[in-house]
Amino acid sequence: MVGEALAFYLLAAITLASGIVVVTSPNLVHSAVALVPALLGVTGLYILLNAEFLAGVQVLIYAGGITVLILFVIMLTEGATGLRVPQRNEQGPIGAAVAGAAAAVLIAVATRTPWAHGAGVLPSYTPGAIGESFLGPNLLLFEGTSVVLLVTLVGAILIARKED
Amino acid sequence: MDVMPWYVEVLRAIVGTIIIFSAVAIVTAMLGVLLERRISAWIQSRIGPVHVGPRGLLQTVANTVKLLQKEYILPRNADAVIFSSAVIVVPLAALLDYVVLPFGTTRAGPLIYRDLNIGVLYFAATSSLIVVGILMAGWGSNNKYALLGGLRSAAQMVSYEIPIGLVLITIAMLAGSLSTVTIVNAQTHLWFIVSQPVSFVIFFVAAIAEVNRAPFDLVEAESELVAGYFSEYTGMRFALFQLGEYGEMFAMAALAVTLFFGGWQGPVLPSVVWFLIKLYVLVFVFMWVRWTYPRFRIDQLLNFSWKILIPVALANLVVTAFFVIVVH
Amino acid sequence: MLLDWGYVAIFALVGAGMVSMPLAIIALISPRSSYPHKRETYESGMAPIGEAWSQFNVRYYLFSLIFVVFDVEIIYLYPWAVVARSLGAPAFYSIVVFLAVLVLGLAYAWRKGALEWT
Amino acid sequence: MITLTHYLVLSALLFGLGLYAVLTRRNSVAMLMGIELMLNAANINLVAFNKYAAPGAMQGQIFALIVITIAACEAAVGLALILAAYRRFETTYVDELDTMKG
């Protein structure tokens, strides 16, 4: 259990520290690259929460997919990485206040609510459990996802393609 | 499973890691580079390295020692942080693959660093991290060749990740598990190469592209892009990228052995020997292909994945699913 | 199960250390020298023209976009694959419907020329 | 002992960071990265509730999977929009995209 606490604090520190770089770095590529350790930190938390399959998905889709997409777009649009223009608008203090207030409210709710502890045990083999759920009660969700993906593909291609 | 004190586990993990890293560095990067040079020489009717050590065996050792003494240069315009961290990311992501590769068996159980129950998904996830490292190297160098090489490489690797994923799913469905050890055990009676030849061909072609080798090596096309994304890297940093490349190539070959050739299984000889024999045969084929075929153009390369490999892999998945699930 | 991942974490940490070790060695023993053009960007011997950090073809984005969509699709197939055999025929029909919708997407991308590199 | 509250607090902090990026960044890609951080914060909550509050069911993890899917779709379409806007107006900075201003 000491190990779990150690792992949690380590992962939380990695996630938040990289998150701070993502949010504050004046260099957009640095932001995007710092997104990777932040996402990997969250991956570690999933593992601590016994969500192995989700951890694999997180790395494959977020770190290996979305980050690459973001890096591509930065490289396509920002010649010199945006270092020559200010990256922040004039709402700095207000933004910080609003974000801080939102986080404070969430923390207050999280610490004051007596969370109920449910009964039961987590399935130890998460891919199997998720698969059974997709082919059972959540079949519609499973099939619906493919439609969402189709719409995304069509929409994004329509938008991104050069109109000739 | 018996519970050991935590420090024993930690020690075991550290020792295991050191063994695997050293073995991979020696077996893949050092022997692999030597093998590559000897095979290319043989195919091109040259002699190849013969002077250092008996029959040239120590050539790569000498090269490594040479590279250790080289100065490392940080180009003035490069982004120092990203340029330097890319060197760690690429080989580390490649070596992380080896966690789930079973390379033998003993009476106590299979020889594997850890038999994760999301096995092949873990492999796919860690190898996808290499793309990020390559983009970092390409962009961090602030060099036109490097950036163009990095972008090409990323576009190519992501395109070929999809057919590999589809093949992994086909095999996982046959074995009913994502664990690599279970997949090997499922081939006790019949290797999957026999029942799934199409999958193997798709996997093999996509694996060559995934590790950026000829005929899919336009990422590092020497005649147009110097060395691609690692053009600006010198000395040991260059060697680390080579370690990453060869490490990933051997990991792909080892995965092919695991998925299609029954892993460590074989008669008479010890299991590790069987595994190594199969591994080196596949690696030999990789090298043979590299030195035999000319290079693709980038449009042909991307079209090939999206218009041929992916439709065929999808069809193969559905047909296999039909036979396995409905007919049986 | 957490034990497995503890091992993986140690693998990553020790591995990062081992990969950085040669870099530490060269930092200690490698020679240093400096002259004006040494740290110039390599451009086949010419003086570099402009920065490399300029803009590239939008094609790269289109391919990675289609990749992400298919990557997500594949994620949904992993849990399906492990239970498919035990669940029998319904598993087959559900995956045929799932894939059919995505093949439509691939066909659309093909038709619209998003898979052409021009 | 790590409890549900630990995860919820961490997720609240991550959410705050993401929100800060969305509110103060000028570049649309950077704002998108902020949104990704917020989605990750939400996912931590979902998975943590799954483990501590409803371990019998898999709903939390499945929801998180759906959120990741939607995040991927959002990134794909969002970045396509950014690219299209960039082609038209030569900028990715939201305060310079003011053609629609009355």
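A, B, C and D label the chains in the order they appear, each numbered from 1.
The rule is short, and it goes like this: a residue touches a chain if its C-beta (ideal position, glycine included) is under 8 Å from a C-beta of that chain, and two chains touch if they have at least 3 such contacts.
Computed from a predicted structure; not experimentally measured.
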{"item": "Identity of the chain that, by mean CA position, is farthest from subunit C", "value": "D"}
{"item": "Chain pair showing more contacts of the two, A-B and B-C", "value": "B-C"}
{"item": "Averaged-CA centre spacing for the pair subunit B and subunit A, given as whole angstrom", "value": "28"}
{"item": "Centroid spacing, where centroids are CA-atom means, of subunit B and subunit C in whole angstrom", "value": "14"}
{"item": "Centre distance in Å when subunit A and subunit C are each reduced to the mean of their C-alpha atoms", "value": "17"}
{"item": "Centroid spacing, where centroids are CA-atom means, of subunit B and subunit D in whole angstrom", "value": "33"}
{"item": "Multi-chain contact sites of subunit B, meaning residues that touch two or more partners", "value": "116-117, 121, 139, 147, 151, 154, 158, 161, 178"}
{"item": "Subunit D: positions in contact with at least two other chains", "value": "65, 68-69, 72-73, 75-76, 79-80, 83, 87"}
{"item": "Subunit C: positions in contact with at least two other chains", "value": "1, 5-6, 51, 53, 56, 58, 60-61, 64-69, 71-72, 75, 78, 80-82, 84, 91, 99, 109"}
{"item": "Contact graph of the chains (line, ring, star, complete, other)", "value": "other"}
{"item": "Subunit D residues within the subunit C interface of the complex", "value": "65, 68-69, 72-73, 75-76, 79-80, 83, 87"}
{"item": "Footprint of subunit A on subunit B - complex, ascending", "value": "6, 79, 81-82, 85, 116-118, 121-122, 124-126, 128-129, 131-132, 135-136, 139, 147, 151, 154, 158, 161, 178"}
{"item": "Contact set on subunit A toward subunit D in their complex", "value": "1, 4-5, 8, 12, 15-16, 19-20, 22-23, 28, 31-32, 35, 38-39, 42, 45-46, 48-51, 53-54, 57-58, 61-62, 65-66, 69-70, 73-74, 76-78, 82, 85-89, 91-92, 94-96, 98-100, 102-103, 106-107, 110-111, 115-123, 126, 129-130, 133-134, 138, 141, 145, 148-149, 152-153, 155-157, 159-160, 162"}
{"item": "Footprint of subunit B on subunit C - complex, ascending", "value": "1, 3-8, 10-12, 14-16, 18-20, 22-23, 25-27, 29-33, 38-44, 48, 51-53, 56, 59-60, 63-64, 66-67, 70-71, 74, 77-78, 80-82, 84-86, 88-89, 91-92, 95-96, 99, 103, 106, 109-110, 115-118"}
{"item": "Partner subunit A, residues of subunit D touching it in the complex", "value": "1-2, 4-21, 23-27, 29-30, 32-34, 36-37, 40, 43-44, 47-48, 50-58, 61-62, 64-66, 68-73, 75-77, 79-84, 86-87, 92-93, 95"}
